[in-house]
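One chain, chain A, links the two complexes that follow: it is found with chain B in the first and with chain C in the second.
Presenting the complex of A and B:
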């Protein structure tokens, strides 16, 4: 209905056309379709009622709205503001004439309840109409004028935005109105009832919202004092607690810092760059700790019975480092005896008449194993490490020794028990035994009188250890070589044929070879020298025939070259023994003997008889001395003697 | 952990340390609180409520002190980490640590001597 009025007004208000307000059409259309507008209508009604009442009570609200805006209660003012929103500035432009015309036109068309409002609240109503009118004008005019500037889409967008903003504003303001009405309902029930929306009335009982201003009560002096005291007391107490906490922690941290410091300074002092150190968890204490590897795996050892790992632990009581092998605990838990053992070599001489042996030499206890009070403090940790290294080395030595001995039973080697290997020779016997390190041994260690073969026994032991080192070196070289070549191709090869242990055999071989040589010389003496006059036996010096054989593969890695040189040093020990003898027979040529061994322990004698005319008559091999004797006898009687007889 | 990470951690820890220490010191002073309130509200003559006092006290003990301690502990752990790092990443210095060249001649002689001594007595 307002639209009609607006349409009527349209032509008359040409002056207003250019005001680019895009609000109006929405406002007009939206008002009837939403709840707040309904409220507004209610409010209007209420206002009019109020106005009527107030008129009688000399509160002239209606007649002079400008005046009433200031003095109006909020619940009335808000709807007015709501309705006149956005056009307040234009309100003053309205002339009385136009208003009058407006009212006149409206009075013709309006029949229903609004008429009341308009009649009673003329200015107000005209105000409401004014809203409607101006927008209408603009709606019609602006598209015509500014079509070139604003496209249809933009316009729609603007329209939508404005509508949204307006909706929001309406909602907010009506909410505020409701709030005020509710607040008012306790004091002025009738006024509030009039302005509250039906929804609010239904859901919220009137006079249920209240607000009161409570004056701040000034605390009394004693109270202030009291509270201040409490505050300070609390502070003191908290500070005290905090202090205690800090002090305790400081103490604890200080001690741990001290232990840490001494631990690390000891580690820094004693652990060198060559040690293999890694992070490890101490299973006993659960602390993070450092592990130390004392086993020889990195040095080429293939011993896997024991991992050779120890934990570096700080002993707070003694303030020193301790090296605790990780296996020790596990094995003692399993009930295994893992006491410290070392190898002892003993030599027994056979007593000729009786079938019995007498001890003629033994290795002494290593100094390392004797607890030494002098060096205890300073080098304790290094000593501990050396001892562990020594013991694991000895274990590995025995391990390989037993393995090697398994195949040497036919040559007088017996494994008596898991700690003892015995080697028998015609005149003597050698014992390789793992001894437990106990107090008795240590006590007796220097009391034994020196024996004749002590030095020999220790030399043998040293050589055994050296040979184990040579085994390590060979292994290391192999690793380096396989590392250089295709790794995958060689990994299988290097795993399976584990380099054969060569510990006992080279040493045994020397002895056995010596014995064989004695035997051979005796045979030669009885069968040749005593038979043939003027014959002499000469030992032929052997060229170092193997010295250059290892150069088959030129390597330029200096580590390998070094290893090669060191390994080759031991060739003179490791090569199978061989002795050449030359027997010269006057006027009948010569006999060459060559005593060799293919596996260190056996013996083959090759005999070559060359007669006076330098032609080889016989060239044979014997592995049995009895056959050799027969053969020599045959040669001497058939060739040499007949020769001399002929001569 | 990288150097950078360590440095960052150090920065973080120092910051928390100084932070919690500042809190403690602030709390410990008696007059300062009032001054603050004066600036803000002008209600300095009204002491704070007991609830607030106790809460603040507990907060201080439990949070700030604990944080202070934790910060220090963190620093200690860090030093340990650095030490471990130092120890575990050191590389043997080849020039200093490499073994002296063996005197091969002498070794060979010694080995020969061994043979003579061990076998000599036997043969003799």
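Presenting the complex of A and C:
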């Protein structure tokens, strides 16, 4: 302030004639703040002029006449300048050089007239002062000889810098204002609303910012002690808790490890290399476990309704391994809980003159199915696995049996329900039934008295099982044969059409054939033996014929050779039954009978009549015994009897 | 029909590793317990804490060493005892088992009758 005052006085002394524009402090400080830097100067001139006037009058610390010059528009300022330079001078004559000269002169005179006050000093002082505050204005306040070096570009650059700084300052200040307004809005909403920007009003709810001053109280010694105690207590407590946690985990893991160890040692001891064990997820418990394949899938079975996979589970209560079929859970969910079934064969004899049957024989319960509490350890596992194998085998047997029976209705085979197939013969009836394994059956299994046909029933059952194995073997052979041709075929089961079931028919065929043979012999007896004297019937031994074509096919695969050999064992059973009878007629040739069956169940009789001269007179086939009777009658009466009559 | 000796041995050593890892938990809980006592101002517990911490590290070390050894065994046996690929083992030969079983039955039945 003193400086400004000094400046003001000093220049005042010099009078109106010379105006050292650069020295006017108000001029220097105020102009930049009132001219918006970003705006075009010409457009803003008038507004800024008025604002300047009012502001300068209000804020100016000294009544400085020079300060108004700086804010004047050029058209006013230039006449004043001209006036101050004296009449006759022209604005166009003004140049930097002349002005500098004048200033130099002036300063000289000043020093001369007034030795105490040095213009340069004051200039320097104000210069230094302003330099500290606003560096940009150095140029403005520096002596004119320096100013002369400022080029247009530099000036533009400086202007730009100034404008930027100002913008920044403006932003900062408006931000600060917003902050204050927001802070204020909780106490004085109306006043704050007025000063808040629309953006802030929109985005921030008023009174959402608050501040309070809380006196920081110095805690007392007891309090500090208290707090320390509490922290220590917490620490001790957490230590205690972590200790307990660790201990409990240890305990829990100990028990689970114990079961795990015994599980593995049992697996290691009881499960042999032969068992197919693989990793599997136990769906019931969600744990990773071991699966065991017990089904016959890889041994030629085509049964796909059960997969034959079980889970090896450790029963902690009994401390033993349990083999649990993976299907068990699904089935119990469906309500079919007791899936343990086995096949029972029963034979009923027809009571003569009554249309009723009496049970004459049945298969006994497998020992395997009787629960045995004595077995333990390895035997127990073996037993469990064999039981599962047995049950799945029996189910498959029934499955194929039903399939086969579908086409045998005309031969007295009926499917009574999904668990029962009956086969009727003239004098007896056979029942193949899947029995559910329940306690009653187990209790009663030894109490029944032996019956006459028990053995027959069990032989039939054994034969059925053997025939199913033969089916497996055939399937295996087929797989091998097709596998040789096409490697990819191995994985696709669907590509193999299911081999024809041959279970019931070979057995049934034997019985039926026997019956047919009886019938045939009766026919022969009544129509030939009783008619023709001296005629005899002889059973012709069948040659060891092997009509099956595929045995001749050369095979080099030793597996196939082995399978072939095994299948051939059953040839006698699997061959369609055939019996040849030879009736020799004295002096009139012979009749050859051949009882055959194309599908095990039917019967065709071929009759060949060869007369005494060894020429075949008749060679026909009959599938009806009535026709055969008529034919025999015809032959006997027409040829044999006439022959004997002739003789 | 137990598994071969080697397999049993491996299982046994895996079991001991399990036990060792379990022991680390016990030691850890003991160490925490002693440090709690120490915090209570019972300075006599210091050697005990040291012991527990040592046994904790010991069991941990033994377990890791054991595991490494088992992994080494695993690596060494690939190609000899173990197949380097996953094979689906097939349950073959069950047909023969069944046939043998049924033959035995047949024999029994026939024997009884004669």
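We adopt the following convention: the second predicted complex is superposed on the first by the 372 of 647 C-alpha atoms of A that agree within 3 Å, B and C clash if a C-alpha of one lies under 4 Å from a C-alpha of the other, contacts with A are read in each partner's own complex, and residues count from 1 in each chain.
Note that a residue touches a chain if its C-beta (ideal position, glycine included) is under 8 Å from a C-beta of that chain, and two chains touch if they have at least 3 such contacts.
As the structure is a computational prediction, the values presented were derived from the model and not from experiment.
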{"item": "Which superposed partner A:274 touches (first chain B, second chain C, both, neither)", "value": "both"}
{"item": "Contacts of A:175 with chain B and chain C, given as first, second, both or neither", "value": "neither"}
{"item": "First (chain B), second (chain C), both or neither touched by A:187", "value": "neither"}
{"item": "Chain B versus chain C as contact partner of A:254, first or second or both or neither", "value": "second"}
{"item": "Touching partner for A:265 - first (chain B), second (chain C), both, neither", "value": "second"}
{"item": "Touching partner for A:230 - first (chain B), second (chain C), both, neither", "value": "first"}
{"item": "Touching partner for A:242 - first (chain B), second (chain C), both, neither", "value": "both"}
{"item": "Touching partner for A:296 - first (chain B), second (chain C), both, neither", "value": "second"}
{"item": "A:572 touches, of chain B and chain C: first, second, both or neither?", "value": "first"}
{"item": "Touching both chain B and chain C, residues of chain A", "value": "232, 235, 239, 242, 245-246, 249, 253, 257, 260, 264, 267-268, 271, 273-274, 277-278, 455, 459, 462, 566"}
{"item": "Chain A residues within the chain B interface of the complex", "value": "219, 224, 227-228, 230-232, 234-235, 237-239, 241-242, 245-246, 249, 253, 256-257, 260, 264, 267-268, 271, 273-274, 277-279, 290, 453, 455-456, 459-460, 462-463, 507, 510-511, 514, 518, 565-566, 569-570, 572-573"}
{"item": "Chain C residues within the chain A interface of the complex", "value": "1-3, 7-8, 11, 14-15, 18-19, 22, 25-26, 28-29, 32-33, 35-36, 39-40, 88-96, 98-99, 102-103, 105-106, 109, 112-113"}
{"item": "Residues of chain B touching chain A in the complex", "value": "24, 27-28, 30, 45-50, 53-54, 56-58, 60-61, 64-66, 68-69, 72-73, 76, 79-80, 83-84, 87-88, 90-93, 97, 102, 104, 107-108, 111-112, 114-115, 117-119, 121-123"}
{"item": "List of chain A residues in touch with chain C within their complex", "value": "232, 235-236, 239-240, 242-247, 249-250, 253-254, 257, 260-261, 264-265, 267-274, 276-278, 293-300, 308, 378, 389, 393, 455, 458-459, 462, 465-466, 469, 472-473, 476, 566"}
